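Presented below are the structures under discussion, each in the form of structure tokens.
The two complexes that follow have chain A in common; it is paired with chain B in the first and with chain C in the second.
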Partner chain A sequence: MHQLPRTGRLHPFTVLVLAAAVVAITTAAGRWWLHTAVLAGCLLLAARAKRAGKLVRLGAVILVPAWGSHLLIHGLIDTGGGHVLAAAGPLRITTEGLVTAGQLGLRTGVLVVAGLLCSMLIDRHDLVAAVDLSSAPPQAGYLLAATLSLLPRLAQRQRAIGQAQALRGIPLAAGPRGWWRSVRLRSVPLVLSSVQDAADRSAYLAARGFPAKGAHTRLREVPDSPAQCWVRRVALGAMVLGPVALLAPTWVGQG
Partner chain B sequence: MSRGNPLFEVELERFRYSGDGDDTLAGIGLSLEAGSLTVIVGDSGSGKSTLGAVLCGMLPRHDGEELEAVFEIQGQTIRHGTGKSVRIDPVGWARHVGMLPQDARHYLSGVRETVAEELAVGLENAGVPRAQMHARITALAHRLGLGELLDRDPETLSGGQERLVALAALTLDGAPVLILDEPLAGLDAAASARVAALLQQLRAEGTALVLLTRAVDGSVDGADHMLRLRAGRCESVPGEQISIPRNEVSAPDRRHSPGTAALLEFSAAELGYPGSAASAVTGLDLLVHAGECVGLAGPNGSGKSTVLKTAAGLLNLRAGVLRQGTKRGAGVGLLLQNPADQLFERTVHREVAFGLPRSTAVKIPEVLESLGLAGTGETHPYELPAAARRLVALATVLIRRPALLLLDEPTEALDAGGLEVLRAVIGKVLDRGGAVLIASHDEGFLIGVAGRIHRMQPVAQAAR
Partner chain C sequence: MSQSLLLPENHTGPLLRRRFLAVAAVLLLAGTYTVLVLTHPAGLTDGLGQTVALATFAAYLAAALMLLAAVLPDLPVATLSLIPVALALNIVLGQFVGSVFIPLYLDSLGTVLVGFLAGRRAGAATGVLGTLIWSLFNPTVLPFAAGAALVGFLAGTAARFGALRRPYLAPIAGLGAGVLVGVASAPVATFVFGGTSGVGTGAVVAAFRSMGDSLLSAVTKQALISDPGDKAIVFLLAALLIYALPARLNGGFAFVRRHRVLGSRGSR
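Right, the complex of A and B next:
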């Protein structure tokens, strides 16, 4: 009997719950050193999985505009801070404003980097199988599978259209101008052929029982263990109770 | 031959697509007994695929489509009539009647990582325990020679392998009535033999089979009923009067003799796809001269399509030498195996005109007429029968008058008329001093048109 490929030893839910707990506690704690330590930990984990470069690139794409907006709103035109570092017209740079921008930037950073790391560490097929095998409604796994396969399918279809166009003498994209030309030429055919493909496949998907209405199984075995179940329970508890424990003294103090 | 009560009976009075002036199907009666084999032979556009879709409950789909028919299935009578809308539960229907579509990739879900998981989709949704699924998949994979494919990504399969996997998935889904649209198209001889044996076993186990085919081949041996479909009307052909020709092996066309100029030369070439570490083809030596038609034969997955795509400039050479008598990519025309990969425009005219200078675009009506496609200019390519779609894809290639014409499984879905058109096209390219390289499992066609045949082996086998 053949062996199904194993993409990791962690159950996808374990990774997700751990990440959610870390983000929730770090956000509630609001300490710069903790945020920095979590970001460094994420980078180390990504490096171990040989995904550090990708994490940095994707993180920068999302975080640079977000940090820019924090800096603009809180750092450069702060109206509330008392320690004014510089002021000119509408610009008012204060220590408090820069600290707020930094804190929000670090919180956003942890959320984005942890989320991206999850998407890199979790095999999407394992995740779909885990949802299918969980007590979630059967439609959930189907919707997740359809959503997660949408981008790869679109990418494959646009490659096929690009090849078909290359056969008609339209060169494959090279450089920004070539990229823009290919986007312009491929977008309408991509949408039309995707709609056609979905219509062609949908009847057979329904005939094969998608989405399952009753009890269903999966051929794929998702890696799991009693220890991981225990870790998930603890992480879930920490995700809920951690922020409460950290924030409760503040609430009491305010009361 | 009587095998007891029929599993599925159909009295189809008529079926009409929305907006059509005529009925696509009319006056068809079928009675399918357990273990029976019914063969429905028809040319392209005769209504085979429509009949298959009606039988498996996928038509009518829209309100405008009209079906008048009575189905008897598992003791239930289902009546479709004008103004009477019947809701079909696709899962319930598929438990009794399954269908392998002409484009087999439509049967594959596209949401699973491996072939084994793709095969399991129907079983999973039916709640079959994992151990049983493993056992059934492994046994069927062994029967069909799919063992080496089980861990492969279904998106990386060749056209023939896709058909084989889809057929295996359909078989595992276990409906007692199976409608198979061209089940052997694109399969190599060994795979065809395994499929034929599987069909015999299914019959022995009581599955009723309906084969929709354009040509009589090995899969129809021992048929209980032979029907001919013409313009949507079915007529029974008694066994002793079957005169439908098999794919004939005709004498090769010797009018053309190869010239000295090489239009294509692969030397010790290694070919593969981006992102895949393994090479699809190694040690390829192939020479095609002007005025020469060369066949490319080999089992499914031996890399025939890879050779053609590399020659057309879609893939880069990994190692070795590729020399072309024309500028790389220019002067070379490739007909892809699946027309769906080649067609992307909204009308046939726009499709053929894509990327053409105006001076060439004026020749479109002439090219369409030469391929028997006159009058289809404003039709959406997907509204045409499969054979006409393939010829539209061919038109997009021929309009550029390629010196080197590369054809990937060009005979799939073509009826006798379409094959004649294809032979004429090849003759014209050779007449003007060009060359043709054809990858195909249709040995009869290859022997008929090619001066010689280059035989390939899968990489693992070739290395042994």
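Right, the complex of A and C next:
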């Protein structure tokens, strides 16, 4: 049976606003120890929700290429730094360049790990319900719900199309021609059937007066409390005022 | 009686507010881009660099959300039911293409399809929504929402002015769109992430840097190498897929009928 994460009693917006505030303040502070502490805190929270392995795997898929790019751009070819560690041809490795690459890597790391943790801890049905109950246009909730439910169905349909094409015994050639043939054989039936489904669905939606206006009853209740409302307000304030308070002295110094 | 069966209500207040939002979003985007290009901030990790990173992230994301808020309430039901399909296609086809080791993204195919079939506003909304939903799986795409909106907007604009009436016009329009999207997205990659998110693209940026280019200039040149080709192929693929659709499906979209998007093909 699917086990709910331990933040199941938090409103999705509370989790999102807290994460946004943490990312904004950490980026503004720009201290390596704060970045490291936030990363460790995220891993700890993920471990409590029994999702640490997944967080590390998904984070690595995004972060390893990004860190490689930072290392190439700033670490190996630094044009500004004075402390040269090695230089050969276009390569110029400096202490300043490596520090910049490390700081940018940590900044990106906090954004990725905090964002992924949010998406792991938030129940997607709660998120859809929260968007629906918020002051966002009613279309936004429908689009979020429809996309999240369509994704696995379309992936399944694409696999079925691939199996059907294989059963037809269509050989796939190597190289660009084989790639093009493969894309065509899979995407044309997928897009045709999906657009047909969308056309059918739109008639039913229009017949039911979509988008509904005014208050309507929802069967799903989103966990919330006055304390969480207060936390969200404080986090929103911190997200805006925290970076300003941290960075204002540097603006004065540069002015 | 269903709301959507009634004639449109003549309320100018919300319409004006939405137009104001759209104009404010475009101004915010253009203003941020202009300031970044003109001032060309040098530091990335000092106080100024952190300010620029946060301000760029916030401005690009806010502009995308304002565009979405301006456009979404106006979209007809036929378009709203197509958008989730397009968003899912972006992800499913993007993953499939990525899994066959071809160095293309093709992750905006659904956005371009919506732009071609339902117009530039629907395309822009699809771009923003697609980025917001994709950010649940990869948070680094979040500040690129405005760039994704631009892809959908330009696809709709190209279709409106006849890019689908001849098959060879679609990739040409894609090339132009790729140049604009690459130029518009380069400041985000530069000032928010300090470069690019992939080793291959990072190597290209590093090569330009070693020739003496500034970081913004190097990232812009890299984007001008990658994006036009990718968008040309996406526009061509989207056009071919639309040609393969039955006329009754294409004709179901008011945008296609009103602007004769498919020219003589649409009347077959």
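As a working rule, the second predicted complex is superposed on the first by the 209 of 255 C-alpha atoms of A that agree within 3 Å, B and C clash if a C-alpha of one lies under 4 Å from a C-alpha of the other, contacts with A are read in each partner's own complex, and residues count from 1 in each chain.
Assume a residue touches a chain if its C-beta (ideal position, glycine included) is under 8 Å from a C-beta of that chain, and two chains touch if they have at least 3 such contacts.
Bear in mind the structure is a predicted one, so any value in this text is a computation, not a measurement.
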Review point. Regarding the shared-chain residue A:169, is it in contact with chain B (first), chain C (second), both, or neither?
Key: first
Review point. Between chain B (first) and chain C (second), which, if any, makes contact with A:243: first, second, both or neither?
Key: second
Check your understanding: Thinking of the overlay built on chain A, is A:201 touched by chain B (first), by chain C (second), by both, or by neither?
Key -> both
Check your understanding: Of the two partner chains, chain B (first) and chain C (second), which one does A:160 touch, if any: first, second, both, or neither?
Key -> first
Practice item. Could you tell me if A:192 is touching chain B, chain C, both of them or neither one (first, second, both, neither)? Key: both
Check your understanding: Between chain B (first) and chain C (second), which does A:216 come into contact with in this model arrangement: first, second, both, or neither?
Key -> first
**Study point:** More chain A residues in contact - chain B or chain C
**Key:** C
Exercise for review: Could you tell me if A:119 is touching chain B, chain C, both of them or neither one (first, second, both, neither)?
Suggested key: second
Practice item. Pick one for A:18: touches chain B only (first), chain C only (second), both, or neither. Key: neither
Check your understanding: Which partner does A:93 contact after superposing on A: first (chain B), second (chain C), both, neither?
Key -> neither
Study note, to complete from the structure: Residue overlap on chain A between the chain B interface and the chain C interface 146, 148, 192, 196, 201, 205-213
Check your understanding: chain B touches which residues of chain A in the complex?
Key -> 1-5, 125, 128, 132, 145-146, 148-149, 153, 156, 160-161, 163-170, 189, 192-193, 196, 200-201, 203-221
Review point. Which chain B residues qualify as touching chain A in the complex?
Key: 56, 58, 61, 90-91, 93-94, 98-99, 101, 103, 106-107, 109-114, 116-117, 120-130, 133-134, 137-138, 147, 150-151, 155, 169, 173, 309, 312-314, 329-330, 333-334, 336, 340-346, 354-356, 382, 396-397, 400
Point to revise | Partner chain A, residues of chain C touching it in the complex | key: 1-5, 44-48, 50-51, 53-54, 68-69, 72-73, 75, 77-78, 80-85, 87-89, 91-93, 95-97, 100, 102, 109, 113, 129, 133, 135-140, 142, 193-199, 201-203, 205-207, 209-210, 212, 215, 218, 237, 241, 244-245, 249, 252
**Study point:** Complex contact set, residues of chain A against chain C
**Key:** 24, 27-28, 30, 58, 62, 65-66, 68-74, 76-77, 79, 90-92, 99-100, 103-104, 107-108, 111-112, 114-116, 119, 137, 139-140, 142-144, 146-148, 150-151, 154-155, 158, 179, 182-183, 186-188, 190-192, 194-199, 201-202, 205-213, 243, 247, 249-251, 253-254
